[in-house]
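What follows is one structure encoded as C-alpha cells, with my remarks underneath.
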Amino acid sequence: TDNGNEATKETGIPVTEETPVSEQDPETITVSAAASLTEAFTDMEPKFEAENPGVDVNFNFGGSGNLRKQIEGGAPADVFASADESQMDILANETLIDNSSRKDFVKNSLVLIIPANSNLNITGVKDLTDPKVKKIGIGNPDTVPVGNYTRTAMTEAGLWSQLENKVVLAEDVKQVLVYVERGEVDAGFVYMTDAMTAPETIKIVTNVSVNTPVNYPIAIVSSSEHKEDAQEFIDFVAGKEGQETLEKYGFTVLSE
Amino acid sequence: MTPMLDQIWFPISITFRIAAISSFLVLCSGVFLAYIFARRDFRGKELAELLITLPLILPPTVIGYFLVILLGKNGFIGQLIYSITGTGIMFTWQAGVIAAYTVSLPLMVRTAQAAIEAVDKELEYAAYILGKSEIETAFLITLPLAKRGILAGLVLSFARAVGEFGATLMLSGNIPGKTNTMSISIYSAFQAGNNELANVLVLVLTLMSLISIALTGKIASRGKSKV
Amino acid sequence: MSIKVNIRKCYHEAGSSKKSGAKKAFMLNVSFEMENELIVLFGPSGSGKTTLFKCISGITEPDDGNITVDSKVYYDKKIKTNLPIQKRNLGYVFQSSTLFPHMDVRKNIECGLKNWNKESREKRLMEMLSLLHIEELEKRHPSQLSGGQKQRVALARALAPEPELLLLDEPFSALDKEIKTELIEKIKNLQHELKIPLLFITHNLEEVFMLADRVLVLHGGKVQQFGTLDEIFYHPKNLHVAKLIGLSNLFDDARVVGHDEISRSTILMSGDMKIRVPSLKLNPGDMVSWGVHPENITFLPPGHEDQDKNIYMAHVVSIINKGPKKKITVNLARHHKTLTAEVPAQFVDSLKLNAGDSCLVKLEISKIVTF
Amino acid sequence: MTPMLDQIWFPISITFRIAAISSFLVLCSGVFLAYIFARRDFRGKELAELLITLPLILPPTVIGYFLVILLGKNGFIGQLIYSITGTGIMFTWQAGVIAAYTVSLPLMVRTAQAAIEAVDKELEYAAYILGKSEIETAFLITLPLAKRGILAGLVLSFARAVGEFGATLMLSGNIPGKTNTMSISIYSAFQAGNNELANVLVLVLTLMSLISIALTGKIASRGKSKV
Amino acid sequence: MSIKVNIRKCYHEAGSSKKSGAKKAFMLNVSFEMENELIVLFGPSGSGKTTLFKCISGITEPDDGNITVDSKVYYDKKIKTNLPIQKRNLGYVFQSSTLFPHMDVRKNIECGLKNWNKESREKRLMEMLSLLHIEELEKRHPSQLSGGQKQRVALARALAPEPELLLLDEPFSALDKEIKTELIEKIKNLQHELKIPLLFITHNLEEVFMLADRVLVLHGGKVQQFGTLDEIFYHPKNLHVAKLIGLSNLFDDARVVGHDEISRSTILMSGDMKIRVPSLKLNPGDMVSWGVHPENITFLPPGHEDQDKNIYMAHVVSIINKGPKKKITVNLARHHKTLTAEVPAQFVDSLKLNAGDSCLVKLEISKIVTF
C-alpha cells in the first residue's frame, strides 16, 4: 500500500524483528462506532490486533447520527457500528453500506434512573405520573436513539401523553445522566451501559421493556478498501471474545 | 401560524432575546473589566485576564457542565437562587442568558481591552485637568475613543451568543416552546434529518443575525468619520 | 496665591535597566516661588520646561521634593501626598494641543464647565469663542481645524473654567503675529483681572518681552536665573542665559584692568581691545565675560577710534536685509573681533553704509552686559 | 508511558499542533482581510464583513457539516483534494486545522480590523512620503501600531482553536491516537463517565492554554511600554 | 527644477450634506510657479498653507487644476492624473511632527533610507543626527522626547533621503533661538547645495527674513502677493499683506493731494495730517492707504513740527521695555493719530524720553509704505 511504500522509502531499512510478525506493514481500518461503544471497543482493540496481526484498527467515536453524516460526506470509514437501527437504515437506503455484511451484534437496555439521594418514592415507570415528579430527563426522541426508544416505550405503556409536559429533552445521553446525577430532574431514561458509569450518584430503578429491541447494528461501509479486514473485525465483535467484552460494559449479548 | 412558522418563530424570538440580554450584560461588565485590565495594575491581573479567556478554551458542553454544577439546584449559586426565588434557574431561558454570557464575555473583554489600551493617555490627562473624575473621563473620553474595539467586541459577543449551543443546551435544556433556541433547533432538525427545516432555520438565523449586526454597526458608528 | 516648587525628577535612558544603575537621561532639579504674577519659563529645547509643567499639574510624579499652592499641598514626598490632578483646579495648554478628537469645538470647550448652570455655561462658551476668534469653528471637529485654530481651541478650553493657576506650554507657537499680539494682550489682562499665577513657556523672545513679569530661565534641568526682564537682559548670570536672550556678541576673554570711579565704569582688556563696562565689583586681573545685544550697537560716521568711549574702527563685512531692520556684520580688524549689529534700516541708509566700507562702531557703556 | 499519560499526551500534542497552525493561518489571512476591510472600499464590503462573522453564529456541528459537504470525498473541494493527493482530508488532523481555522477567523478579522481602523492615517501618509509602498507601510507602521488588537485577536483565535470541538468532531472525527484533540477527548471522557480523566484533561488543557497565551502575550508585547 | 501649481480645493462645513448645497467652509485657490528657490509661505492661521502642502504632497486630492514638478505631472484633473504619494519623492515635515511612535529615533530616520546600502545609510544617519544635534537621542522613542527634540527628529527624517522637493510646515516652531538660528543657516545652505525647491511655512517674521528667497503670502485661501522680501515689506499689495508683515501703523484715510517732482514724492492728506510718501502713480483725489513699520519711526529732540519733512509733534503715551528695544506709543495729538514705534533702547535713553513728554517724530519718506 501507499503507507508501506512510503515507510520503506523513508527508512530504507528492511523490516526488523520488532515489527509485527507479518511481512507487510499492517492494514489500517477505521471503525466509526457509536459513542456508547467507546470503552468496550477500546478494550477489544489489543485483543483483536493480536489475533489479526496484519490489521491496525482506528476507532472514530461519535453520535450515531454524526457518524452517519460523515459517511454520507465521504469519510474514509470501513466499518460502521451504530447504536441505532434507523441510522443504519438510512445508509442502507443510500447503498452506502454493504448490506450483506449488516448484522446486529449486541443489545442495550433502557433503564429508568433517579438520583441516588432521591426522596421521591419512584419504584417504577408508573410513578412518574405522580405530580411530585416535576421533571423527567429523556433524550430528544427525534435525534437521540435512546430518546426514541423512551418515547416508544412510554407510548406503549400509555404514559407518554401524561409525561410529555414534564420532559426535558437532552441532545445526548450524558446530558440526561448529568441532570439526574445533579438532581436537576427527578428521573431520567438512559441505557444500561450509561447508567453503569455512574454507580454512586444514581440509582437504577428498573429495566424498561421495549417492544422493539435496542439493537446495535454493524456493517461494512461500501467504499471500504479493506473489506476483508473489516469483516474480520465484525466477526471478532460478534464472536466470543467480543461479546464477553461487551457484556462487561453492560451490554446485553444477543442470544443466538 | 402554520406549525413550520411556529417552529421558526419561537426559537427566533428566544434566541434574540437571549442574545440581546446577554450582549447587553457583556457590554456593561465586559467593558468595565476591560477598562480595569487596561488601566489598573494589581496583583494577579495577568491570571485574571487569562481566566476570563477560559470559556473559549473549554468545550461548551464542559462549560455547561460546570455551570450546571454551579447553578443547578444543588449548586453553590443555584441553592442561593432557589432560596430566594423559590424556583431554580435551570431549564429556563434565563439560564440560556447565563450560558451565552459566559462564553461571549472573553470576546468583549479582550477586544475592548486592546482598544482601551490604545487610547492616548494624554487625552485622559487633559480631561482630568478639566476636573473630570476618572469615571467621567472613561465615559466621556476613553470609551468613545475605544468605540471601534468595543463595537467589534459587541458584534463578536452578539454573534457568539446567537450561535451558543453547547453550554446553553446543558443549562437550559431543550424544552420546545420554552428554551429551544435557534442553535438548538437547528441542531435538532439537523440531527433528526429534517434538512428542510434545518436549512430554513439556518437561513433565517443567518439573515436575522446579519441584519442585527449590521444595524448595531450602523448605529454605533454614526459620526465615526470625524474621529 | 503663592506657589512654592521644590522638586527633583529624573528620567532614565531607555534600555538601561533600573537595577544595574540606570543611566540618567535627564534630571530636573528646580526650586522657586511665585505669587500672582506671570512667569515666563524660558530655556532651550529639552531643558525641562514641559517636565516641570507635568510635575506641577500632577501628570508626572516627581521623585522628591514638594509643591505647594497657597496652603494646598499638591505634592510632598515627605508626607507622601500627591493630590489627584482633578483637585488641582488648574488650566493647562499642552505643547501639542490635545483636543478631544471625537468632540466638536463647542463640546471640547464645554468639557470643563459641567458644574456651571446652562445659561452661564452658554455665556462663557460664547465669551471664549469670541475671545479667541473661533466663533465660526463651533461645530467643527479637531481634524477639520488648522494648526493655529487647534491651538486657540485648546486655549479656550483651558481658560473657560476659570482655573486657579494657568500653565501654558507654547500656546501661541502656531499663530500669526497679528492674532498673537492681540491674544498676548488679552492673556496679560486676564491674568491681571483674575489675579492668578500664570506660568508660560515660549521660545519667542518677543513673547517674553510682552508677557513676562518675571522670567525663569531653565537650562539642563536647573534654574539658571530667575528675575525681571531687565535683570535677565542686562544682567544675565551666565553664558547659558546670555545666549538664550540672544546676546550674540559674546566674549569670554576679558580681564579687569581697573576701575573709573568718575564714570562709574570698570575697564576691561578683551584681548587687545580696551572696553569700558558698567562698574563691576571685581579686582584687577579677574576674568569676566561680556557681550552686547545686536540692537545696542550704534554706527557713527567715519572718524577717529576712541577706545575710552568704546568707539572702534570697523570694516563692514556684510549687510543683510531683515525687513525693517538690517543685520550688519563688522570686523574690528585691529582686535580680531567680529560683531553683529541689528539696526533699523533707515539708519543704515542715512549713513550710506555698504559692505567693505570702514566705519566707527560704538558700544554704549551702559548697554554692555557682563557676567 | 502509562495509559493515562498516553491518553493525555497525544491529545495535547495534536491540539496544540492544530491550534498553532490554525492560529498562524488565521494570523496571516485574518490580518490581511482586516487590513483590506479597514483600508479599502468596495462593493459588497459590508456583506463580506458580515459573512466572515457567520461561523460564530451557526452551531459548530452545522459548520462542521457544511465543511464535510465541501471537503468530503464528494464535496466540491474534497474532490479536488482527492484528485491531487489521492487521499481525502476527512479524518485527518489537517481537517481539524480547517475546522479550527473556520471558526476562529472571524475573531481575528473583527478585532484586528477595529485596531487597524484606529491607526492614525497621518502616520501612514508620513511613511508614503518616505517612499514606502502600501505593503511596506502596512508591515512597518499600520500593523505594528495595531499590535494590541491583533494580539487580542490572536489570543482569542488561539483559545477558540484550542477549544474548538463541534466542527472538528464532524470533520476530522474522533479517532483516538489520530484526531482526538483535547476538546474531543474531554468530551469523550465526559460522555463515557470517566470523570477522573475528564477532570485531568480539563486541568491540563487549561494550564497549557494559559501558559501559551501568556507566553504569546509576553513575546508580542516586548517594548510595548514605549509606544 | 521648476514647480507649477494651479489648484482649487474646497472644504465643506461639517453637517451640511453635499446634496443640499453644502456650505463652503474654506476654499483654496492658488496658482504660482517656482524654481530651485526657497519660498516662504506666509499667512494667518487658517489661510490654507497646510492645505496647499497636503495637495502638493498628494495627501489630499485637489478638486481641480494641476501640479507639475519639472516634467513630472503630480496632479492634473484634466488627464485624471494623481501621482501616488510614494512616487513624488518629496520631503515633508508635518505641522505636528508625526514621528512613528513605535520606532526609536534611529529607525525613524532610517525609514526613508531603505534603498541605501548599509554603509552610506549609516553615514547619512550620523550626518543627520549631528546636523540636528540629536546624537544622544538615537535610541529614544518619540514619547521620550521633548517637543523641540521631536521636531528636529522629524526634520532629520525628512532630509535624510535627499528628496527632490522639500515641504516644511513650521519646522522650527518649538525650537529655541540659538538652535533655530543655526538650523536656519543650515537649511538655507542645504537648499543651495542640493538645488531643490523648498517651501517653508512659518509665522515668524525673523524666519522669513533669514530664509526667504521669495515670499508667497496667503490669506483666505488666495495668493495675496508673491515676491521678494523687499517687495513684500516695502510694497505690500494690500491690507492683509501689510498687517501680516507687522506694519502696525496703518491708515486708510489718505487722499492724494499732489506730487513733488523734485523730491520724487507724492503728497497725501491723511485726515488733517500732511504726509509725503514715495512717488505714486495716482491722481489727486485718489484714496490710498499708508503705513510705517514701528522700527522705522525715529525720534528727534524737541523742536518744530515740519510736515513737509514728515516731522510731527507728538506726546509720549507709554514706553514699554522689550528687552534691547523699547516700544513707544505716541499720540500725534493735532492729528488724532496714534503711532507705535520700536526703538533700540539706547536711543530712548539718550533722548531721555519719558511717558508724558513731548517730542518730535519723524517718518522717513522712503520708509513709508503705501498700497
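Annotations for the structure displayed:
For clarity, chains are labelled A, B, C, D and E in written order, and residue numbers in each chain start from 1.
Here is the rule we go by: a contact is a pair of C-beta atoms (placed from the backbone, for glycine too) under 8 Å apart; a residue touches a chain by one contact, two chains touch by 3 or more.
Nothing here was measured: the structure is a model prediction, and the numbers come from that model.
The fewest steps needed to get from chain A to chain B, moving only between touching chains, is 1.
Take away chain D in thought and the touching chains that remain still make one piece. Interface comparison, A-D versus D-E: the higher number of contacting C-beta pairs is recorded for A-D. Per-chain CA centroids place chain B at a distance of 57 Å from chain C. Per-chain Cα centroids separate chain A from chain E by 88 Å.
Along chain A, residues 66 each make contact with two or more other chains. Residue positions of chain B touching 2 or more other chains, listed in rising order: 65, 184, 187, 226.
Multi-chain contact residues of chain C (touching two or more other chains): 14, 96, 141, 144. Shown are all chain pairs that touch, namely A-B, A-D, B-C, B-D, C-E, D-E.
Interface residues of chain C, counted against chain E in their complex, comprise 11, 13-15, 25, 43-46, 49-51, 95-96, 104, 139-141, 144, 146-149, 151-152, 169-170, 173-180, 203-206, 208-210, 229-230, 233, 243-246, 293-296, 298, 321-325, 343-346, 349, 364, 366-367.
For chain B in complex with chain A, the residues that touch the partner chain are 65, 68-69, 72-75, 88, 90-91, 169-170, 173-176, 184, 187-188, 191-194. Interface residues of chain A, counted against chain B in their complex, comprise 63, 65-66, 90, 135, 140, 142-144, 167-171, 175, 178-179, 182-184.
Those residues of chain D lying in contact with chain B across their complex are 46-47, 50-51, 53-54, 56-62, 65, 106-107, 110-111, 113-115, 117-118, 148-149, 151-153, 155-156, 159-160, 162-163, 165-166, 183-184, 186-187, 190, 198, 202, 205-206, 209-210, 213-214, 217. On chain B, the positions that touch chain C within their shared complex are 120, 122-123, 125-133, 136, 140-141, 144-145, 147, 223, 226-227.
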